[in-house]
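Shared chain: subunit A. Partners: subunit B in the first complex, subunit C in the second.
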Partner chain A sequence: MLPTVLSLLGRRLIAAIPILLLVSALLFCVLRVLPVDPAAMSLPPSATIAEIEAQRREMGLDRPLALQYLIWLQRALHGEFGRSIHYRRDAGALVAETLPATLELALTAMAIAGTLGLCGGLFLFRLRGTPFETLGDLSSMLLLSIPEFLWGLILLFLFGVVLPLLPFTGRLSPSFMRPNITGFLLLDTLLVWRPDMFWDALTHMALPAVALGLAFSPMIMRVLRSSLFDVYVEDFIAQARLRGISEMRILLAHALKNAALPTLTLAGVQFGFLFGGTLLVEIIYSYPGLGNLMVDAVRNADLPIIQTAGLAYCVAVLLINTAVDSLYLVLNPKLRER
Partner chain B sequence: MSPAVSATLRSGRVVIGLGLVLFLGMCALLAPLIAPHDPAEQNLLSILLPPAWSPDGNQEFPFGTDSLGRCILSRLIYGARTAMVVAIVASLGAMLLGSILGHVCGYFGGIVDWVVGRAVDVWMSFPPVILSLVLMVGLGTGLDKVIMAIILVDWTRFCRVLRSEVLVVTQRDYVTAARLLGFTHWQTITREILPATLPLLITLLSLEMAVAVVVEAILSFVGLGVRADEAAWGQMIADARQYIYQSPWNLLFPMFAIIIAVSAFNLLGDGLRRAFDVRLAQLAR
Partner chain C sequence: MALKLKRRSLLQMIAASATAAAGASARLGRALAADDAAAMGWPSDVPSWDPNQRFAPDAQPIFKALFDQPLDQDPQLKLVPHLIKNWNLAQDGLTMEVELRDDVLFHNGDKLTAEDFRYTFFERTKGAVKLDTANSWQKVQDIVIESPTRATMKFSAPHPTAPQWMAFLGSYVVPKAYLERVGVEAFRQKPIGTGPYRLAEYELNSRIVLERNDRYWGEKPRLARVTVQIIKDPSARVAAIQSGQVDCTVNVPVREVMRFAKEPGFAAELNPITRVILLQVRNDLAFADQNVRLAAHHAIDKDALSKAFYGGAAVSLSVVATPGTPGYLPDFQFKYDPELAKQYLAKSNYGPDKPVKIGFAATNGQFPSDYDIARALVQMWKKVGIDASLEVIEYAKYFELNRGARLPEATLYSWDNASGDPEIFAGYLLNPKMPFSAWKGMDVGDKLLPLFNLADYDKRMQGYRELNRFAVETGASIPLLQSVLTLVRKNNLAYTKYANGWVLPQSMHWS
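== the complex of A and B ==
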């Protein structure tokens, strides 16, 4: 199985290179049509026109767009993504600092979405043939119609304002000194063995992660349910019944395994979208991740950061898709031989 | 009325979904007639009023006022206008662009198919929120820019699904027969293939309208959507967020409005999907 997975990873890596080049070129072009002058913005307001011109030349802004892109690309390959105009720091470093926070949020949310989707899908399927079937279907439709930023606000309102149970800003209470080992706060607090701090970080994570998870679970529920319907008309289910296997066991041991695969394919795409959804949830909960960095950069027209953060989102989506496809390969015995 | 249309209308989901959509559409169309106030009119003496049914409420403002004393109900009604315009125009635009490319790719294949397929790959590697945000940075704010951004982001939804559908339909015998009868490519696509893909197209369109409402709300929420002088639900939410303790209703009303609009389009789309018997897991966004 390992060689198959490795060859998939290899193929994916090769396919990802042109995609990333195109994505970066696209980002570059979109951001260069802006009516702002990065050179003028990177200098103090007292700068003379001659100084701005010199800065423009230094930043390569007087050259053709294609050449500018190649220069940017060459620097990017050496790990230099330009200096943030607003923070006056290296954009690559800023993105690298905030990325773990967003990844941690996204992974927790994916776990929640997966769990809710699995339980909800099984529950919806169990409702088939009962008077509650349509009710279940319509409720899942209603859940589907509540996007992540509305869940964020609803949970903030319910558990932050009406019943102030959970914190809703940042990643950690200000009284704690944040350990900095991997950047993944839940992991770091366990590494330095501070259960109190781990708990604090977990309560801060709860609302944003649940908001995201709730928003992305209905789609998984609905696809799992319809895949289960497809599986249940197969002969092996009828045969399992004839063998006297209990309904519960047929559902969990026989049908679920087969229905999980199409669901996983969809979940992969959904997780890519979920990663984008972190941006909104981060804004709502003032969570210091890539999303807040990106939105700040958008408000300040901070091009190097928008570009680097945009690229980071794409890399993350490609990685998530590859991980889900590898998982698919591991779980699907039919694909192992080749 | 043809039997197919009446059967479609008999589905409860379609009726309820369509009813809600028509209600929102009427609000949008008749906004100047039914809104009790001008949505931009500020009453600085009566700010953050609660809804009329609470003890401190004022009958003049049925749903209360926001932090600048603007009438919430009027802003909701004018916000419906923004949402519906975006939903309809942006979805139709995305449908046109995506389905034309989808039909061309699925029917002709070859180099066009390859190029469009790679473009779809690139688009799919962007989370839609991020792509629309970046586009809004490039385009600037405004209703037309929001519509443009949604078209440029969401054409892939139509293109992917329709391409694979057209691939299947093109293999059918009646399409080959049409070609043998001397139909041109244009005639084959419009007279033989399009009628077969139309149910899918209409279903996707309805679901895309739900997506468009959400995207418009998100962009306005982040402050990159419509201009500040246009009323939009996302913008109302962003304003009300700062006054969540003093006046939670400010936040809840536009949230309800978005949920109602999105579930109306989703319900309609799901009803149409069932009525047309379109079976596709890919419909999932």
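== the complex of A and C ==
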């Protein structure tokens, strides 16, 4: 199994190179043709037009676009992604500083979405043929139509304002000093063995993670139910029934295992969307992740950050999809044989 | 039995969760309810902890907690001594003598001297690290140190606004020895100033924890700890103050201020500040015609705009300066008169039946109610015979469009000037050599540019007042309103109100 997985990883790595080159070139070109002036944004208000023109030349904005891209690419290959216009810091370092928070949030949200999707899918399937089937169907459709930012606002209002049970700004209460080891706060609080701080961080993450999880679970729910429908017409289900196996056992031990594979593929794709969905949720919950940085960068026409963060999103999605595909190989013996 | 167990487990889980949540909530409450601590909900982060590096108006109150400026402004914006006890700008504006306090310590215990002053305003600005202050202090030729507390600034050209800039954006004294020892990157990680607070913790785009500097040379802050929560979304700031997660917040929607004003336990304010809302106009296209420009101005009912979008708190402006600042003309009124607007248009053969077409740009969300104001202006103009085509632009796009002469005839714009000095109002906004001015006519430029070198304060102020009037009477400037700062706080959290909108942590206390 391992050689198959390694072979897949190798193929994915090779395929990732042109994808990243293409994405970086697209990002670069789109950002450069936007009608914003990074030179003016990078200078103080008292700068004159002549000083702005000098700054444009210094930033290389007067050179041909292709040349600008090649220079950027050469530097990027050496780990230099440019200097943030707004923060005047290395864009790569800024993205690296904020990425763990977003990854932590996205992974937690994905766990919530997966759990809800799994439980919801099984529940919806169990409702088949009952008077509640249509109601379940409609409910899942309703959930599907609510985007993550709306969940964010609803949960904030309900559990932050009306019933002030959970905090909804930042990652930690003012009474705690944040340990900074890996950037993954939940992990860091455990590494310094502060269960109280771990709990506090968890309560801060609860609302944004649930908002994201709720938004992305209905699709998993519906695909799982649909896969279960397909699986239930297979012969092995009928044989299992003939062997006298209980319906619950057939569902959990036999059907679910087979229906999980398409659901897993979907979850991989969903993670890409979920990762992108953190952008608005991070703003609503003042969550200091990559999305928050990205919104600021757009506001300030901070092209190096937009470029680097865009690439970081691309890399994260490629990695997750590769991980899902590897998992798929592990779970599906038929694919390993091919 | 199984069902009973499950139910019991579920109930136990709910009870445990509720207890834990209540505990967390109570802990949060304790942290914020302490008499010597407070939390502020702030709309933006600092761009860098090097205070000389980037000019960011919203970050000034946070910088002022950590760092000190040579001069300060009182709540009415009058310049007052701070790190500098005395200053004397020469008649020709080419030198300025300063005398520093001798009892100021940086947070690491180092004593502030004239070396730090020279380093901040001369050595650093000429160095390799790009600083915004390099631009504001580019006229500094040298700073001669006469003693540890005395120095003389020498300028290459008259710098009449040097004292004002000593209390303005980015002009914070930084420690020379520490910066040279650790380098600028380490300084940004662990900044050290002389201010009333020191930085205890910082997480990018999340929170800033300030702890009182007990060795502060000036009046000690009453609050030992202030946490600044960076909350960029206005609705989230409203929710945060409503739920008690912060004790004070700013820049919330005007309608929320009205609502909070009626709620017990809160104080809600609409404070006029030194920020103007205006139309930046071009001197060509359809606006080449002065009649059209003046008609566009006379057609605007500014009081109605203020009432509709700022609860009537925004003061209508006739010049690009706010009341109480030296460039303001209290006796000059540019009246709202739609009939006069029609007469001006008629002179150029336009009218409601034959409207003049203009382009009009506005931001959406850059400042409160900007797009709504723009839509109201379109309707006001339509009534007199101006057909404006409204387009939404990003603030960042303004400079690029202006650089390429692609701005429309009028652009709705907002401008902040904490100093109140008219140079930083009309001097920048109408200066054809600066990137903000859409007006490129040298009729205004010829009157304005000499004022940059006029050292006599009274003559300079008189010059700007005349310029402000000239610009409005010729339609080169269409000021609209004095902007307001919206603020909501717990009503027992007191603070000092500044005319420029500063909400300083060191001025806060529980009453």
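Just so it is clear, the second predicted complex is superposed on the first by the 324 of 338 C-alpha atoms of A that agree within 3 Å, B and C clash if a C-alpha of one lies under 4 Å from a C-alpha of the other, contacts with A are read in each partner's own complex, and residues count from 1 in each chain.
Methods note: a contact is a pair of C-beta atoms (placed from the backbone, for glycine too) under 8 Å apart; a residue touches a chain by one contact, two chains touch by 3 or more.
In this text the structure is predicted, and so the values were computed from the model without any measurement.
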| item | value |
| --- | --- |
| Partner chain in contact with A:R89 - subunit B first, subunit C second, else both or neither | second |
| Touched partner set for A:G277, first subunit B, second subunit C, both or neither | first |
| Partner chain(s) touched by A:G60 [first = subunit B, second = subunit C, both, neither] | neither |
| Which superposed partner A:L153 touches (first subunit B, second subunit C, both, neither) | both |
| Which of subunit B and subunit C A:G183 touches, first, second, both or neither | neither |
| Subunit B versus subunit C as contact partner of A:S226, first or second or both or neither | first |
| Touching partner for A:G310 - first (subunit B), second (subunit C), both, neither | first |
| Contacts of A:R299 with subunit B and subunit C, given as first, second, both or neither | both |
| Contacts of A:E51 with subunit B and subunit C, given as first, second, both or neither | second |
| Common ground on subunit A, meaning residues reached by subunit C in one complex and by subunit B in the other | 35, 153, 156-157, 161, 283-284, 295, 299, 301 |
| Interfacial residue positions of subunit A with respect to subunit C in the complex | 35-37, 40-41, 43-52, 86-89, 94, 97-98, 153, 156-157, 160-161, 164-175, 177-178, 199-200, 203, 283-288, 292-293, 295-296, 299-301 |
| Complex contacts: residues of subunit C adjacent to subunit A | 18, 20-22, 24-25, 27-28, 30-32, 37, 39, 41, 45, 47-48, 53-55, 130, 132-133, 135-136, 169-170, 188, 200-201, 203-207, 209, 225, 227, 229-233, 235-236, 239-240, 242-246, 394-397, 399-401, 403, 428, 433-436 |
| Subunit B partner contacts - residues on subunit A that touch it in the complex | 15, 18-20, 22-23, 26-27, 30-31, 33-35, 138, 141-142, 144-147, 149-150, 153-154, 156-157, 161, 219, 222-223, 226-227, 262, 266, 269-270, 272-273, 275-277, 279-280, 283-284, 294-295, 298-299, 301, 306, 310, 313-314, 317-318, 321 |
| Contacting residues of subunit B [partner subunit A, same complex] | 118, 121-122, 124-130, 133-138, 140, 210, 214, 217-218, 221-224, 237, 241, 244-245, 248, 251-252, 255, 258-259, 262-263, 266-267, 270, 281, 284-285 |
